[in-house]
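Okay, so chain A shows up in both of these, paired with chain B first and chain C after.
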Partner chain A sequence: MTLVLDMLTTAAILYGVAAGLLIVFGVMKIINFAHGAFLTVGGYAALLVTHLGWNPWWSLPVAFAVGGACGAIVERLVMKPLYKRPLDAILATWGLAIVIGQCITLVFDRGVQFVQSPLTGAIDFLGISYSSYRLFVIPLSLAVVGLLGWMMNGSRLGLVTRAVIMNEDLARALGINTGMVRLATFSLGAGLAGLAGALITPLSSVDPNMGVPWLVNAFMIVMVSGVSLVSLGVACLVLGSAQVLVSTWANPILGGLTIVVLAAVILRVRPEGFARA
Partner chain B sequence: MLVAPEVLPTYLVNTLIRAFLYAAVAITVDILWGFTGILTFGQSAFFGFGAYAAALVFTHAGFGPGLALIAFGVAIVGAMLLALLVGWFAFHPGASPLYGSVITLVLPIVVSQLLYSGGSFTGSSSGLSGFESFDLSLEAWFRIAGVFLIATTAGVWLFLRSDGGRILEAIRDNEQRCEYLGIDVSRVKILLMMACGAIASCAGFLFACVQMVVAPEYAGFAFGTELLMWVALGGRGTLIGPLIGTLLLDTSTSYLSGSLPFLWKLLSGLAFVVVIVALPQGLLPALASAIRRAWRRGAPASVAPTAEVELHSADPQPLAGLASAGRLALSVKDVHKRFGSLQVLRGIGFAVRPNELLSLIGPNGAGKTTLMRCIADGAERSSGTVRLNDHDIRHSSPAACVALGAGRKFQNANVFDSLTVAQSMRVARTRLKRPSLWRRERALALPTAALEVMRATGLDRQLHVASRDLSHGMKQALELAMVLALEPSVLLLDEPTAGLTKAERTLIGRILLDLTQSHTLCVLLVEHDLDFVHEISTRIIVLHQGQIVLDGSVEEVVNSDLVREIYAGAATPGAHG
Partner chain C sequence: MRTSNRLFATMLAVLAAPLGTQSAAAQDKAPVVIGTAVGLSGANSVVAPSVVQATQLAIDEINAAGGILGRKVVLEVADDGSGAAGAQKAYDSLLFQKKVDAVISMETSAARNAALPIVTRARKPFIYTSFYEGRSCNRNMFINAWVPEQQVASVVDYFSSKLNTKSYFLVGSDYAFGRGMLEFTRKYILAKGQKVVGEEYLPMDGSDWTAIVSKLKASGADALISSTAGGAPNVTLTKQLRAAGVTVPFGNLAVDEGTAKSMGSDGKDVYTAGSYYTSIDTPRNKEFLAAMGKRFGAEMKTPNDLSVPQYEAVWAYKLAVDKAGSLDTDKVLKALGEVSFNGPRGAIKMDKQHHAALNMYLGQVQADGSVKILETFQGVDPGAQCPNLK
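Our next item is the complex of A and B:
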């Protein structure tokens, strides 16, 4: 039973981390390697909230706002000339990740620090005792899915965004300000990364390189899932569960490799991944 | 080189040895990324592989000349096998460039994590150190590393400027065109990966021998991206740029990271972003072009001097590699093509003998181009069979279809932008005449048909013009000449004369007619210009809504009411409403 809950919560966390990357990849066809750095920014935003002595619940909206603001600045300054060069965009965002990581190191020092959790202790759930914070991640991720799903499929912004995804030139010809859509998307993606960073910090700790392993896993999951929030969910569940199983029954280092290797093999056998599976 | 180690301070000599080895790895990154267009994060894994091959053997089996040789063999052969595995994943036919990069990213992560989890065998996170190695002075190592770097650079330089090296640029420019010229792109990339892996592994082996310490970081993703940064800053696509970039950056890093630990990394990250965004060619080429501009201000840019190329006519080798010419050049049986629920081709069947010039006509959306695709690429059709020269194409790649005799010219001019006309033609001959991997040849032998097209359109006077600078019509002619250089027996032409003048069109029409009559060649032509079709065809097939509605002689078809109705849009035969 604990194992099942582990799988579900792992999938939920992965979903939170990968959602922002997927949004940016879907709309802009760009892999944002600074995603991990935005995640770190979110983690430090949460740390700041702890230092200021605010209620830990504040860390989530603060991290989202800080991440989003960073994303907006980066989009304007760096991303604009790179839309026609997607492979270069990977490199430029990776360079950005280094810059952001070093800025954080200069301000906060390179040591590992801890953040106060908004929910502590364990609760009894279906007869077993389980970390209440980890359980809380599941409804939160579901809320993110719901909100994103509504935004993409139920709102005018989503309609415009989907138009840009399908045919950007036509969308521009119809008078849609595609530049604004890109700005909003990139900013939203970065904000989600920040939120995810704040979300995972109570489970582990904060350090300037905390984003890197998450980035790689999220990247592979997005590759496998294609451009759909539903298939992203499937990918997170399947790969997250595999990771938990391997970590439990083999060893944690191999567990850390599970997502990466499995995703590479899935894509080799089935290039479209989980899309329309 | 000889006196340097005696006069330089020990710390600098030590740093330079490392920088020399790193630079050799950076050159392999440059071959893959700068010249071939494969963004790779994974060369560090090969470096780490070579280093651990030495360290593991020397730690666990001891040191000796024989053991060192074994370790070296393991480093080279193992790295090549690893590259083969990576290439099998990354470059399978149909893999996107992004997927290839994903795999090169996975590689260093997997390798370094395995090293971390190796326990006392690999030394886990602290790595291996204190093993015995060659008892050589620092000065000797300096010379060995220097010679290794010079030899690598010279070898790579020779290869890149040779005729074989042009294939890499052709792949970077236009992979699809390469496939349709019969070049097995996946195979070329895998072989290249293996060679680059071996060089990087060799550098790693030397590194372990000099430093007598290895750690998982040397095989990791961070080092892999650092290599990319050096190459990008120095100038991808040049040989000297990454070399100087690596030497300068690695040496300055080891000096400055002591005094300004975080700031130095911050600044180099910032420089990297700025270069990628603003100067994608890198710092050195940007600097060089600025100097060149200042040097001859106002003077017209002189054309780079290139070796003179002499055109020859080649001995014909029709159907090279095929056991026998078939009775039928092409036969298509019950071919269907579906995109989801959309039926684009339904039950297409016809046969063409050699010496026929068959035109496919029909309104837009009739499925003409789709049919061409299904003949030249075995993976395209949904069902049915296609036989070229009595060989079933099954699900073969375009390159394999070329070997069976297909030659396809695309609807839009599809050429190699950065190659000159002469280089493009040589790449087109790759399948029939293996280019040298270290030499540039002067003579360029081409089949008569290709030569005729070049002469008729004036391409033979523009041999040193880059393809991207040609006019639209000339690009069309160049592509046609490249396809003819394949000596195909089934020539698939999708509107070959669009964008050409009336005079050029007539000439090409005459050449095509001549080809079908005097050589064993059949032509399948898609054309909109009915006058042109009328002039040169021996037979016409009319396609409408994915079906053959008419198949007959020129007179039959041109005078039929059906064709007039279709082109006037009056009737939709064979369908309701």
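Our next item is the complex of A and C:
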């Protein structure tokens, strides 16, 4: 039972981290390599909340807002001039990741720091006791899925975004302001990254490079999952569970490799990954 | 022609001579540079500030007392990233660019192992001040911190006799220290006739202990003993254990008082053993703590088992150079094995195959992060660490 919960919570955490990356990939057709840096920004936002002495629950909305704001600024300054040059845009995000990391180091120092968890202790249910904070991640991720899904399918912005995903030039020809859509999407992606950063820090720690390992895993999952949020969920479930199983039955060092290796194998066997072909 | 050549050569010699004496005079005034490589980033970054402070205090005190051989002492700090790659860069910079006279460092075993070849090439004295897994030997290196022979026994003995534990789960960071400590611990536990029901490792910078915590709970072990890299891994492991509701006796072989404080309430009841705690009740320790408080005030980081040996090592180096009468490496190395410095941990001499006999303490972390000393062991011998080094 613990194993099942480990798999579900790991998948939920991975989903939170990868969702922002997927949205940006779907709309702008580029991989945002600064995603890990936005994750780190979210983690440090949570640290600030702890230092200011606010209730730790505030770290989630604050991290989302800070991440989103950073994303908006970055989109206008860095991404907009590079709309016509997607390969250069990808490179720009890589450089951005380095810049953001160094800025954080300048302000917060290189050391590892810790954040207070909003939920402490374990709850007993179904015969085992499990970390309540980890359990909380599941409903939170589901809420994020629900919100994103509603937004995509039930709102005007979602409709417009789906049009841009399908065919950007045609959408622009129809009078849709694709620049606005890109701005909104990038900010949302960055905000989600910030939220994910704040989500994972109470379980571990904050340091200027904390986003890097998550970026690698998120990147592989997004590669494997196509464009739909549902297929992302499936990919997270499969790859996250594989990681937990390998970590439990073999050792955690191999577990760290699982997602990357498995994603490569899946793409070799079925190039469209988990997307419905 | 030949005459003018000879004249030219003589003129050059006459002109150059004062330069020679001038540089000799400048040598007398040149500062003695002590290099310290420490993990300002990475796993050790939690303890690094305290290490730098302890080093700084020792240097300030030595300068106030006239310096080393009448020369001012200067500190050069380099970041080794708590690992091997960073250590290579740090040591190259300290020994070959900054040209330090000695290196006195608290580092992870990965960093130390990467640094040793560079120290050997540079032929400078190196004092290693971090507790570690033992058996690291180099003619240039002296160690004034503890090894497993001095520490593990106290924790395991206490658990089995006072807490009646019979089966142990071992968790460590996957590098020389984690594996070395737990190898020693496993042998000691088995020699006592008890059981080891699990042994798991995570990479040094890893922070996701989920699978290991689940395996620990499934194994039904009576007790947990951990040996992770100093600093961050201790905190993440403890936080995740407590979040998962693990309450078995937890002996942490690698936590220091400073890190225990950053664990907050999660650190309560963790058992640990070491050669220094701020609660050691001796006049010398109280004097040291007062000096630290005066020098750093509100910025003072809790002195701990990773920072105090650094303070004592700087002083031991001064005493060794005084005894040797010069900075010559071979003379200083000989003197380092002979001088005794009376510091916060008592009188320490690195004369046991480059290691030192130490007073050890078994303690339990309290709710406020301080360590309450449960048992004291005087003058514990490090055993045969480097039989090939005289």
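Following the convention adopted for this analysis, the second predicted complex is superposed on the first by the 276 of 277 C-alpha atoms of A that agree within 3 Å, B and C clash if a C-alpha of one lies under 4 Å from a C-alpha of the other, contacts with A are read in each partner's own complex, and residues count from 1 in each chain.
As a working rule, contacts are C-beta pairs under 8 Å (C-beta built on N, C-alpha and C of every residue); 3 or more make two chains touch, one makes a residue touch a chain.
These numbers were taken from a predicted model, which means no experiment stands behind them.
Of the two partner chains placed by superposition, A:S225 touches none, neither chain B nor chain C. Contact with chain B, but none with chain C, is seen for A:L257 once the two complexes are overlaid on the shared chain.
Touch criterion not met for A:S241: it reaches neither chain B nor chain C. Looking at the shared chain after the overlay, A:R268 reaches chain B, while chain C stays out of its contact range. After overlaying the two complexes on the shared chain, residue contacts for A:G121 are found with chain C alone; chain B is out of touch. By the document's definition of touching, of the two partners only chain B reaches A:I98; chain C does not.
Of the two partner chains placed by superposition, only chain C is touched by A:R134; chain B is not. In the superposition on chain A, the residues of chain A contacting both chain B and chain C are 110, 251, 253, 256. Against chain A, in their complex, chain B makes its touches with residues 39, 89, 92, 94-99, 101-103, 105-106, 109-110, 113-114, 116-117, 221, 225, 228-229, 232, 262-263, 265-266, 268-270, 272-273, 276-278, 280.
For chain A in complex with chain C, the touching residues are 2-3, 6, 9-10, 110-112, 114, 116-117, 120-122, 124, 128-134, 202-205, 207-208, 244, 247-248, 251-253, 255-256. Contact residues on chain A toward chain B in their complex (touch as defined above): 31, 78, 81-82, 85-88, 90-92, 94-96, 98-99, 102-103, 105-106, 110, 216, 219-220, 223, 251, 253-254, 256-257, 260-261, 264, 267-268, 271.
Across the complex, chain A is touched by residues 40-43, 45-46, 48-49, 79, 174, 200-203, 206-212, 214-215, 217-218, 231-232, 235-236, 239-240, 242-245, 262, 264 of chain C.
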